[in-house]
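Presented sequentially are two complexes of chain A, the first with chain B as partner and the second with chain C.
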Partner chain A sequence: MAISAATKAATDALAVNRAPVSVGAQEVHRWLQSFTWDFDKNRTKYSTKYHMANDTKEQFKLIAKEYARMESVKDERQFGSLQDVLTRVDAANRVHPKWNESMKVISNFLEVGEYNAIAATGMLWDSATAPEQKNGYLGQVLDEIRHTNQCGYINYYFAKQGQDAAGHNDARRTRAIGPLWKGMKRVFSDGFISGDAVECSINLQLVGEACFTNPLIVAVTEWASANGDEMTPTVFLSIETDELRHMANGYQTVVSIANDEAASKYLNTDLNNAFWTQQKYFTPVLGMMFEYGSHFKVEPWVKTWNRWVYEDWGGIWIGRLGKYGVESPASLRDAKKDAYWAHHDLFLIAYALWPTGFFRLTLPTAEEAEWYEANYPGWYDMYGKVYEEWRARGCEDPNSGFLPLQWFIENNHPIYIDRVSQVPFCPSYSKGASTLRVLEFNGKKHSFSDQWGERMWLSEPERYECQNIFEQYEGRELSEVIAEGHGVRSDGKTLIAQPHTSKDGKLWTLDDIKKIGCVFADPLKSL
Partner chain B sequence: MSIVVSGGRRGLTDPEISKVILAAIPDKPLETQRKMNYFMTPRGKRINEYETLCCYTQPTPDWIPGGLDWGDWTQKFHGGRPSWSNESTEMHSSDWHRHRDPAFRWHALYVKDKAEEWRYTDRFLKAYSADGHVRSIDPVWRDEVLGDYLGAFGFSEYGLFNSHSSATRDCLGDTLRMSIAMIGLDKVDNAQMIQAERTFLAKLVPGFDESTDVPKNEWTQGSIYKGARETVEEIWQGTYDWNEILFAGHMIYDPLFGQFVRREFFLRLSSYYGDNLTPFFINQMQLYHSQTKGVTKDMFHTCLAVDENFGDYNVSLMNMWSDKWLPRTVNALKDFMGIFSKIPTIAGVSDKAAIEAALGRVFDDWQRDYADPIGYKVDTAALIKTVLSGLK
Partner chain C sequence: MSTSSNAYNAGIMQKTGKAFADEYFAEKNQVVHESDTLVLVLKKSDELNTVVEEILLGSHKDQNPTLVVEDRAGFWWLKANGKIEIDCREVSELLGKSYSVYDLLVDVSSTIGRAYTLDETFTITSELMGLDVKLQDVARA
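Let's turn to the complex of A and B:
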């Protein structure tokens, strides 16, 4: 249309219609796919063996401002609840002490996952070629900043208002001392950001989010509220509302590479590795946090696991991707076995190493022992009686001079660390499927606890060189390591970590640990 | 009571459960230090909420300066390249956790502002259309300048937006990563606002072409944005060092080219062509520009340039990067001068003297705010002369 005619038409139109008009997000998003252009260097900075299709679309069709509007509405509700009614009813002081301790770990470790997901989705934003796909990942970049801040807010809130601030107030500094940290970094940090970009997406979105987000973020809210904690559901359920988009991003990643020849060659191997990587840590750690980190029990972990990991994810979610050639991971069956005993094995070790934590742990009570035995027949003979022995030897009492770690040494049950997952295991005292494998490479010994990790290491040992805590601390005395890692409270001597949550129990100090004279040794050296 | 809780019973409200919980809670809190992150050095007198929620969220080992963790990465790239590494940038820092957004925006504050801007945009557009404002826009300005050249400028913003992806992945600090993602989102917001304006015009003006075809053609094939496009492509995809990407985009290209195009061309001229719509959007972009300026000046001037160990080195590197990116940006502006032959000249507004004055404002601002703080010597008069040689 000629310019003058258009102006006249506009004027005429306005003469009869002055209805207010605006522009909706979808009307802008409609053009997004055309925002990019071709040029020589237009390629990703992160190599991937897959090609992500140029015309990949996204489902959620957000633009920057609409994204912000949506999130800020959710923020108002969430922070409103926290700052208003929950504070007025003193909710942080109505949480069971055991759960108060669990949230030190859960919220802080999840924060690490959220934080690394910012970088991970930054990488995917770079790797995707289609603007819509980039936009989906971009939304997630911002979400993961949100979740990082939200997880931090939980610890911030508990520190400010709760019954034991230590650990909530400095988890970011003290978390690196203990045996759970490095494994957490494998699944929540490096597994998301270091590797083939699509492999990272599979780790983060297809497994981390689509598989473990439900048990992690949804189940945790049920355990929390049973144990008096309404802060965590308020925040975590708000996080969960963003996760749907992230799972969709994972789905779209697969769709975008489905027609690529590389997918038929590598996708199922990458998925299997990613699944094993994630489950190797989450299966035992989540189970342990829920069952051993609570007073009131919601349901046995193995049931939760079967429902969400095995049936929902392994069956329905992966089934939906079947048309793109995706198969249920071969390691799923081994993982199912882990879901029964692995968390019990891990708690035995975690409790034995309690002084290296940034939280207080609690031995199972008599009624808990009953619950364990009822749900995991055989539990008492393997674990229950060991806890009884530890308790009888005074493991909770600073004057006893007894650390459960000594029990492992006395009984010749060395604790090793799996090089690939960094998860500790005790091959001679476990009911889970761990078996010790030791390989030597470049003059260094490496221990492994399962075939899947061993295979990953065998094909690419240069990706898994990280030293473990026993190598790092070898020859050093325990109280020294704790002091160096800032594992003490504000009085400068009482440990943040404690082997009980009893309100009448005595608290251990650095001196109590020092008296015992516990020196770290690297078990691989004595092989 | 039994320790098994079913049916969604909640410990906070269920009397039986809460009795057990309250009995287990210590009589007085076990720890008196209630300040999260109490160990950190705040920017101001006290640790603020932004610092509490953002600082040290990144788990980097101490061999990346400022990190609180120890040891190696637990998984690396194929071939063994580390997750994050000091080699990802030529800049050096004694502590990569030092940066602060001067506005202390954590996520909730950032989206709250943008959400308000969106709601207000919606109300503004409704009032603008109901008021019949659109009749006053000069048709050449509307159809050619806004339709084509503002549309084409959207690609500059979109390309800069994408330059933040690898910087978001690779940078070495938590407050850095969050700031980079946020200033990146502002850039795609700019590109989307430009499209929103064009779509809005298409709703009011029958026949106005909202499609991106013509602007994209102008951006990729035309002469007016040739220098800009080549520079943006190089920032986005030709550069790997995340600090150089940020420096080139936010310390050179955008404060010169972006500022001239947005502020001195579209914003300043629009009212002369009866256009009160474009300023509404450009002013939002200018707000983002000033917030971003605060962020990136903090990164480069407040932190890196005065680093106790590497300040001198960093400043000399910033000077080298200025040498590299300034000529390209000047060239982009020179090409952009071609746009003045597309609009009817208004004496004192879009004639050569007025353009020179506009360039003077932009280059003066840049010299004062970006070049002087790093001691970068620049002859702005000569640069302006080069730019003006692009006038047809």
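Let's turn to the complex of A and C:
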């Protein structure tokens, strides 16, 4: 009987909405949407405090046939380029070694974001009630699967065709020890898929995609090209051809709630939380990868940020929505300070913690130091002279017995991990917007680097219980932890991470680390 | 180098060092400012190079004098006030092959502004589509 009812419903619908006489894709799209599926009484597993309108439109009018054709052409062009001309000209070996290392981080981390975005947009499909809005989200689910494969493929390509495969080929096995992984999971996973469905859309689509994919996936291709990498523009610009539909999905999510009373109560707080969550990680990490992970500089990171984040995303997306009550994010002032200084702070810590990574880092050269000082006045006095001291103490040489982490300990500059963002910070040696705050909950101390994360934690402290590496490995010797966390190359003793990219430089082994006798300590215990 | 206010390195971006920092950290720049501009990123390809060179900077150059196009290695970066429209029937005629709006989307990499398709036309606009202006469906045949 169920089949008869379905058949009758289809027959009735066809009687009202006659099939198009042409096969124009947009006419088919209009016809399909006119079936007016009864989603307005939709029950969802993924609730939201907002009411999403039932008549929201999809800006690009996708149908499955045109979508599949479009994406197959993208893949043909991308894989054709990679497997033909770029392999023939040995493109992967023409990449500057420093940039080769940056791509270990950028592509591996983006892969995680894309993977989680599959779930995020599936969740939004379930939450929305407008057929066209659902159609847009569904296209995005498929896009995110494609992107996950693309990111995996570019690391595979670098590993197979290029230089220093370690880190390109199996970065994820180091996820327990690498201090950048947990922060990345906060923005790329937790922020996209946990909590209120619309809040997740704001994190993923309105901020993550409409704002930060422009530096992360578009501007990165300028840096890649400048440093001899033609694979990344081929793949990343192809990824971004889907992102414009995701940005539209995020905008239409806002359109769908614009007239809901809840928007006037909650939207600005949710937007500010999403902006701070995303910028807290992307701003320092991207800046560090671009500037410290390149030999040829395109422009200061702060200018890239100012253009794509502040002027264009801020003015064209957020500013234009002002008449609908959307306000400038309250955390913008601190975000701007971070965009100027936080990547310098982070590189100082990342270099100090280099053995826990899955990539090789390089200290700035004298020429680069001049560039930094010219573009960030005050850089040398804060950072440049420290790098000179580290270099003089032989930080690149395994025989030196010196890890830069010792410098932080000797000079009483403890490194903390922000509980909410999981980003490491050193409050006594920082020029970014970080200041130390410590709160106690359920007998445990929590450190925070800013008021914005602290506010989020205060509203739901149970959400942010992730252990950081200092808590997890307290009392453990560093080489033991690296071995346990799979931070070594295929010989079982040489570290994947190294403090230089020199072909002639010696590579550090577990024995070199063990001789130093570095033991993890939780700085919160001494407070 | 373009002197337009829409250029890639316009305004504050031309400054360096302390001069940049002073303006960047100025009190007036600690909140976002509404902009009626839009940004379009086009992946370089045989077809998109033709769209940029022959249409946007060629036959249609006078339609939007605020449009700036810059070559940024792997992509074309475009910024304008108001809107940019690309009619794919016109592109198809120029290329001498079938070229739909979905073919165009193969190489449209990023949009800052409200972008949409209607029939064979791609539009990106500073208007708030769906809020101030209703999004249209293709007309019934």
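The rule we apply is simple: the second predicted complex is superposed on the first by the 489 of 527 C-alpha atoms of A that agree within 3 Å, B and C clash if a C-alpha of one lies under 4 Å from a C-alpha of the other, contacts with A are read in each partner's own complex, and residues count from 1 in each chain.
As a working rule, a contact is a pair of C-beta atoms (placed from the backbone, for glycine too) under 8 Å apart; a residue touches a chain by one contact, two chains touch by 3 or more.
All values reported here derive from a predicted model rather than from experimental measurement.
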Does the superposition put A:66 against chain B (first), chain C (second), both, or neither?
-> both
Is A:164 in contact with chain B, with chain C, with both, or with neither (first, second, both, neither)?
-> first
Could you tell me if A:303 is touching chain B, chain C, both of them or neither one (first, second, both, neither)?
-> second
Which chain makes contact with more of the residues of chain A, chain B or else chain C?
-> B
Based on the superposed arrangement, let me know which partner A:366 touches: chain B (first), chain C (second), both, or neither?
-> neither
Once the shared chain is lined up, is A:56 touching chain B (first), chain C (second), both, or neither of them?
-> second
Give one of first, second, both or neither to describe whether A:225 is in contact with chain B, with chain C, with both, or with none.
-> both
Contacts of A:252 with chain B and chain C, given as first, second, both or neither = second
Go through the superposed model and pick first if A:328 touches only chain B, second if only chain C, both, or neither.
-> second
Which chain A residues come up in both lists, the one for chain B and the one for chain C?
-> 20-22, 27, 66-67, 69, 73, 222, 225-226
How about chain C: which of its residues touch chain A in the complex?
-> 8, 12-13, 16-18, 20-21, 24-25, 29-39, 41, 43, 45, 72-75, 100, 102-103, 105-119, 126, 128-131, 135, 137-138, 140-141
Please name which positions on chain A make contact with chain C in the complex.
-> 20-22, 24-27, 29-30, 33, 56-57, 59-61, 66-67, 69-70, 73-74, 77, 210, 213-214, 217-218, 221-222, 224-226, 233-234, 237-238, 240-241, 243-244, 247-248, 251-252, 255, 258, 302-303, 306-307, 310-322, 324, 328-329, 332-333, 336-337, 340, 374-377
Per the touch rule, the chain B residues reaching chain A in their complex are 2-6, 8-12, 17-18, 20-22, 24-27, 29-39, 52-59, 68-84, 106-108, 110-115, 117-119, 121-122, 125-127, 129-132, 134-135, 139-140, 142-143, 154-155, 158, 162, 164-170, 174, 177-178, 181-182, 184-186, 188-189, 191-193, 195-196, 199-200, 203-208, 210-213, 216, 219-220, 229, 233-234, 237-238, 240
